[in-house]
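Worksheet for the structure shown next.
Chain nomenclature is as follows: A, B, C and D, assigned in order of appearance, with residue numbering initiated at 1 for each chain independently.
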């Protein structure tokens, strides 16, 4: 009924992501869409506002590449390893460009996506009380319960221009299934104007899986088959997390020149196909 | 087993952090030191402890220490995997979880926590820390909060550079005033000993020392004038079983 | 760690449900806990406030039995057949006793459970605007978005004293799994003070199922093994819906005496074991 | 196929209701007449129509008519099954669904609907109807709304006894004023013909008659002074395929 959803990664990124967009590339350690981020770097799509609960190495790379003007997040580190040096360098020293931040708690970010996915302008939660987080953002406020009078936190809805996620499988119609830790991906996808899904595999049929989250094709804008597209994170059933990469990233990212050399060698000059491997 | 085994300060910290979970049924586990301690507890003091990770797993039973909160084994071994919004709203926020187990970059005398930014002095930009993560709502919504971190004047500060997560606010009654559930922080377990809030003042006081540590050492490692309990205990030395289990966990 | 959760149906109902309680017996056509409701009738537990999005034959029976003082709901009919005659007789004629109603839309009820399960006093939705529903209840109000100023509907949280659901399986620890159409059961259970689950089968191990919803034992108060306990509704994988029963109920329930005879023969004088069959 | 097959008024209604879905991608389906029509559409005018039931199924492809919105086959054949809160919040409320397909007990000239209570006259208690179900939010949040019901003065009333679900409120601009998404009701399909809102007044006017029905019949079956469009069309007779498919569906 609609145009075919299956695209090459190059074309999907070029069609869906534009300079100045607000982009969420979600994933909670699992199923992080690295290949799509690398394609963004290759195409030099810039002035991005990046959104994610747990910006990790993928955002460190985009920030270090100079493509990001603002980060909306709740925890920015290299999980299990330490700091994100490119993120810190951008925030602390403005290198390679200043980075604005809109900082939340996990509960706040999760609910901002829920509001976005629900077509509501805000969400209510028990959070932020007494924390100074609210003093540095204009997307936290308060509401009063009209029944009990109790004061609660309110967070503004998040509605990215584009959400990018990686999933295990899609069928030829563009129906998508992911399983394992599915984090906040459904909410991030449904909150967005456009949805790009990279998948390990395009299959004839999606077999329902325990813990499976299905996004029907009519809720997805484009699908690209990118085996290994979550590396160095993992895709349950297809790959395991490359913990060595995360450990090694600490040294790579600590120094600006080392980082640039790495980026050039491993992302910028590689073709999409080679990079996906 | 009363044999004293030689061990490191970090091991003393972790073993005592695990013991602090002996009475818990469910624990919301932060990554790093809390996760190590909670996994040790599940192998020693509290075999039926339900480990809950913010990535969405209820009842994870990992066979080795997860490097991150999203390791596949956390999901594969869980009783249930839920979405992250469900985790924070239905499970954490509703007050179902007994203990929230947190780390910290800076902590003050009322067990408030900073994990956001540090002041690096005049004319220098703020130093960037990872940020809040789940901590503000974990501390706000669990039955009680345990905190584990290494003891140093850089970490135990007179005044936080930024309040990310409220422990006891500015003193007694503050949690109630702010609408926070639960008891808040009940123990801070470090590599030197254990601090607990004085019921009258909600200020952390030194209640236990690890074997071989002096109160003077702890005071020197604390950025405020640390008070001590009327009678200071000494933590039991790690048993050989505790140490062997911890070392096997870390080696795996 | 806790006391064993596995009980007989008789004991579970006697321990968990008391006169005057607010009770939700949820299920969206699928997995409706009929056997538990019949046990409530046998034990004569009365002055109940019943809560459910889609009160159907099960609530018609409880209402006709005179055990219900108030109904909180959003759609009360015999699905695919027609009216609930005992419900209508109670509302219209006060027989066998007057029935107070607190009436909502489905979206409102679903969100009332969500708020209850989330430990919030209210939920926000785009609903009720222009409908007269809000004029007959004190559990609908409005809030204004603190970011956009937009006015939205607010509904008060629902927190039943007891929620009763039927599931396919539990293990011996009292961990529960249901699958198929799982409706609003998770929210109804997590919103309640006490949770009673009747199951088709107690198994050694719960194998994860596609679409499976798991309630860990520490979120469940008691489990009773009641094979066929959802009849005349169904349990996917165990039974099919007895559509003939629903069709026949129309005639049974239309007349007060016919209903009383039916109730006496099929519920009141039967033992728990016989009734479950 | 232009053969005219003999058929009942209900069949005319259902066939035309199915045809009204020819341009829809996704349809939120109420049980009863809307479900019959939507299932017929999936077999005739719109094979790739995505059927969405409030019990939580996205993309159901039932092989026979479901008796209730919770029949097992709706789940077994769905692309995805979600919780009821997710259905109402993420899928319906967010405005993702093209057409909401509703029945009604009473409808007024602005296509507002009553399914709650009826006035049975002085000194008599209100007559109880099933209630709102999903209708208020379906009508509020879909791209457009189709309504199917039998034509009689009892159903097409001058004034609703209770406004359960807003169609066009009291006229143009009311949906916007109330913050309701979408176009609201675009057609009311009955056993006599089709009514559509006049763009200028948002009042339902008679735009099509089923074969063999007169405008006078429709007016007599309507409780208000029904206006007619400048030119009234006649619906195409059901094709033998449509009728055969519908009858097979109802027999299965």
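Keep in mind that, in the parts below, contacts are C-beta pairs under 8 Å (C-beta built on N, C-alpha and C of every residue); 3 or more make two chains touch, one makes a residue touch a chain.
Remember, it's a predicted structure, so these values are computed and weren't measured experimentally.
Set against one another, A-B and A-D show the most C-beta pairs in contact at A-B. Rounded to whole angstrom, the centroid-to-centroid distance between subunit A and subunit D, based on C-alpha atoms, equals 40 Å. Inter-chain centre distance (subunit B to subunit D, centres taken as mean C-alpha positions): 58 Å. Centroid to centroid, with C-alpha atoms defining each point, subunit A and subunit B lie 29 Å apart. In subunit B, the residues touching two or more other chains are 89, 93, 141. Shared interface positions of subunit C, i.e. residues touching 2 or more other chains, are given as 114, 119-120, 125-126, 150, 186-187, 211.
Interchain contacts give a graph that is no line, ring or star and is not complete, per the touch definition above. Which chains touch which is summed up as A-B, A-C, A-D, B-C, C-D. In the complex of the two chains, the subunit A residues touching subunit C come out as 119-126, 139, 141-148, 150, 152, 154, 156, 208-212.
On the side of subunit A, the complex with subunit D involves touching residues 1-2, 114, 117-120, 175, 186-187, 190, 214-216, 218-219. Listed in rising order, the residues of subunit B touching subunit C in the complex are 25-26, 48, 50, 58-59, 79-80, 89-90, 93-96, 141. Listed in rising order, the residues of subunit D touching subunit C in the complex are 31-32, 54-57, 66-72, 74-76, 81, 83-85, 88-89, 92-93, 116, 125-128, 130-137, 140-141, 162-166, 169, 174, 178-181.
Contact residues on subunit C toward subunit D in their complex (touch as defined above): 28-30, 53-54, 73-77, 79-81, 83-84, 87-88, 91-93, 103-107, 110-111, 113-114, 125-133, 150-151, 180-184, 186-187, 211, 213, 234, 236, 240-241, 243, 246.
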